[in-house]
Amino acid sequence: MISELLYIISKYGPLLLEGLKTTFIITLISYFIGFVGGISIAITRTFLHKALKVFAHIYVELFRGTPMLVQLFFVYYALPEMGIRFDPILSSIIAIGLNSAAYQSEYIRSALSSIPYAEIEAAYSIGLTRFGAMLYIALPQAVRIAIPTLTNEAIYLFKYSSIAYFVTAPELMYMGKLVATQTFLYVEVYTVLAIIYVIFSIVLSGIARYIEKKLQIPGYIV
Amino acid sequence: MWQSFASYIPIISSAVPNTLILTFLSFAIATALGISMAFAEVFATKAVSIVVDWIARVLRGIPLIISIFIVFYGLPKVGVVLPSLYAAILGIAIVDAGYQEQIFRGAIKAVSTKQLEAAYSLGLARAEAFLYIVLPQAFRIALPSWINDFTVVLKDTSIAYAIGVVEVFTQAVHVAQVIMDYVWPLIFVSVIYLAICYPLSLLSNYLHSKLKSMGMLGSGM
Amino acid sequence: MRDKLLIVEDLWKFIDGKPILRGVAFEINEGETKVILGPSGAGKSTLLRCINLLVMPDKGKIIFDGEDILGKHDIHSVRSKIGFVFQHFNLFSHMTALENVMFGLIKVKKMSKNEAEKKAKGALAAVGITEELWDKYPAQLSGGQQQRVAIARALAMEPKLILFDEPTSALDPELIWEVLNVMERLAKARMTMIVVTHEIGFAMRVADEVMFLDNGVILEKGAPEQVILNPRNERVKRFMDRMKYVYSIGKGNVY
């Protein structure tokens, strides 16, 4: 087994590395979309107009209530029927990003709701507007409180971006499948992939804990 | 489009039982594994605790498709030939066990030492204190996340499509390929998933807010 | 003849259909300190919140600095001229002591960072918050220190009026002194202040006028000696007797 793993790594390492690069690109961009979208949705649902709130609520429930795989297939296979066409990587980024926005909005929203209204009132008392209080007082704290869940989400996306393989985006899983069908070493190849994913997940969560500590408000316990 | 799809609705619906079997079995196995690991991690010796923690971390780090593939291709190699449905159940359960370990460990740890101290102060033995004080509270604390994890597993069963398990998503894709329209089949499976996930997510939220109002969540414990 | 800084006329506020304020009226001159006493639930907090427009009154008039502020569109500029010190300090937990004080100067008064910093440090020094505490976060400060930072935050905005909502009620007894001390110095410096408090000693020493609010109505107002030591109203007398019992040492009266 070990020799086969080494063989795979030495022979197909560069190919897998290529895939890993794509995996990171998909993860990073979709996470970014999810973060910006998540903040916008959370703000909408917490502070904004009623009609918009309902719309944001439906968005979140739709995306959280259905599998990401269905959403990915919708973007890649169903949208072209309506004349909207994206390549595999972009489709994956869009689907994963939109999905993540729903989840990240929930993390930020629950953090927002944990900020005492007293601090918002204090901001009003020195003359801040509703928007100012939200931007400078509520949001910075909410994002910090949500950091553990937000970084978990990034690691989750890193692993889950492997579903991009289903729409032939050339990421790590897809490259692994190529190697597996060429070598017939299915179990060995997937074990190598698992090891790669696990190592990066654990390293990333180490980095996440570090960021968490760095950004923690001293003395403040959530 | 709808007309051509409508006659295929029974084909997709007929796979609902398979999706539910996949979900319930893998979830149940994961719960058994998860609770065992959580207890081992909290109450066993330091060395065992560290090993269990790392096992759970590794399990959580494996993407679901890969876990399913490894089980699917790996079991025959060691002489176990399982239908793809069971390979998927195992593959999902293994990864989810890592997540459930996290849920139950958090819940057990959330029952504070203060509660234990209070139990000891009444003269309860260690085992009694765990049974009557820690377990009931930990179960309640874990419940919202546990229900939520069930919906996660339900949605994740769609990945069993990778090894051709006949569940609702696989059927939807097959139908889509036949009628050359993905829109309706995908909307239809979405409705199936939503019909199960949405009520459960409401329940989970309700229980969560109830716990919060009971003061059983947060650092104040 | 001093200017009337604030005139409150026939102020009413209903919350959930229940009248919290029932026709409150009073005036305050520039440089005066007014103390509001009364049982909890009397509407004291609501009254202060109405003056700062944190709560909108249902009826009545509030003339501040010659302007009817209830009709004004820009409530934010009104608030920036009226300081508010909360019972639970309400410091921004993600900012240091210094940043808490600088924040309003930069975001509301649009000062440059340098200017704001200089001013904030001055305000912190004025309330006795020394340099080693400037970079501490609220959770790292004692209650008394937090409240003094909160006072500095209000003070730095150069308000024409500061409202204190039970500023010492959340403090440990031995920390009350440091906050009252700062407030007394402010009063002596002729800062215009309205203080809701149970500290009758403070009221005796500092107040130009004491008002007794109960059930949304001012039952009695006048010089502290009169309202606290010789109230005419029976209800007020009962309240003061209890307060004097709580704050007295042995048999003797504090005063």
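Chains: A, B and C, in written order; residue numbering restarts at 1 for each.
Following the convention adopted for this analysis, a contact is a pair of C-beta atoms (placed from the backbone, for glycine too) under 8 Å apart; a residue touches a chain by one contact, two chains touch by 3 or more.
Worth saying up front: this structure is predicted, and the values here are computed from it rather than measured.
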For this session: Just grab the chain with the largest centre-to-centre distance to chain A, centres being mean Cα coordinates.
Result: C
Exercise. Going by CA means, which chain is nearest the middle of everything shown?
Worked result: A
Problem set entry | Most heavily contacting chain pair (counted by C-beta pairs in contact) | A-B
Problem set entry | Whole-Å gap between the CA centroids of chain B and chain C | 54
Exercise. Between chain A and chain C, what's the gap in Å when you average each chain's C-alpha atoms?
Worked result: 47
Exercise. Whole-Å distance, chain A centre to chain B centre, using C-alpha means?
Worked result: 19
Problem set entry | Sequence positions of chain A contacting 2 or more other chains | 221
For this session: Show which residues of chain A lie in contact with chain C when the two form their complex.
Result: 116, 118-119, 121-129, 132, 136-137, 140-141, 144, 217-221
Problem set entry | Complex interface listing, chain C residues touching chain A | 52, 54, 76-84, 86, 88, 90-94, 103-104, 107-108, 136-140, 150, 153-154, 157
Problem set entry | chain A-touching residues of chain B, taken from the complex the two chains share | 57-58, 60-67, 69-70, 73-74, 77, 151, 155-156, 158-159, 161-162, 169, 173, 176, 181-183, 186, 189-190, 193-194, 197-198, 201, 218-219
Exercise. Once bound in the complex, which stretches of chain A touch chain B?
Worked result: 61-62, 64-70, 73-74, 77-78, 81-82, 159-160, 162-163, 165-166, 173, 176, 186-187, 190-191, 193-194, 197-202, 205, 221-222
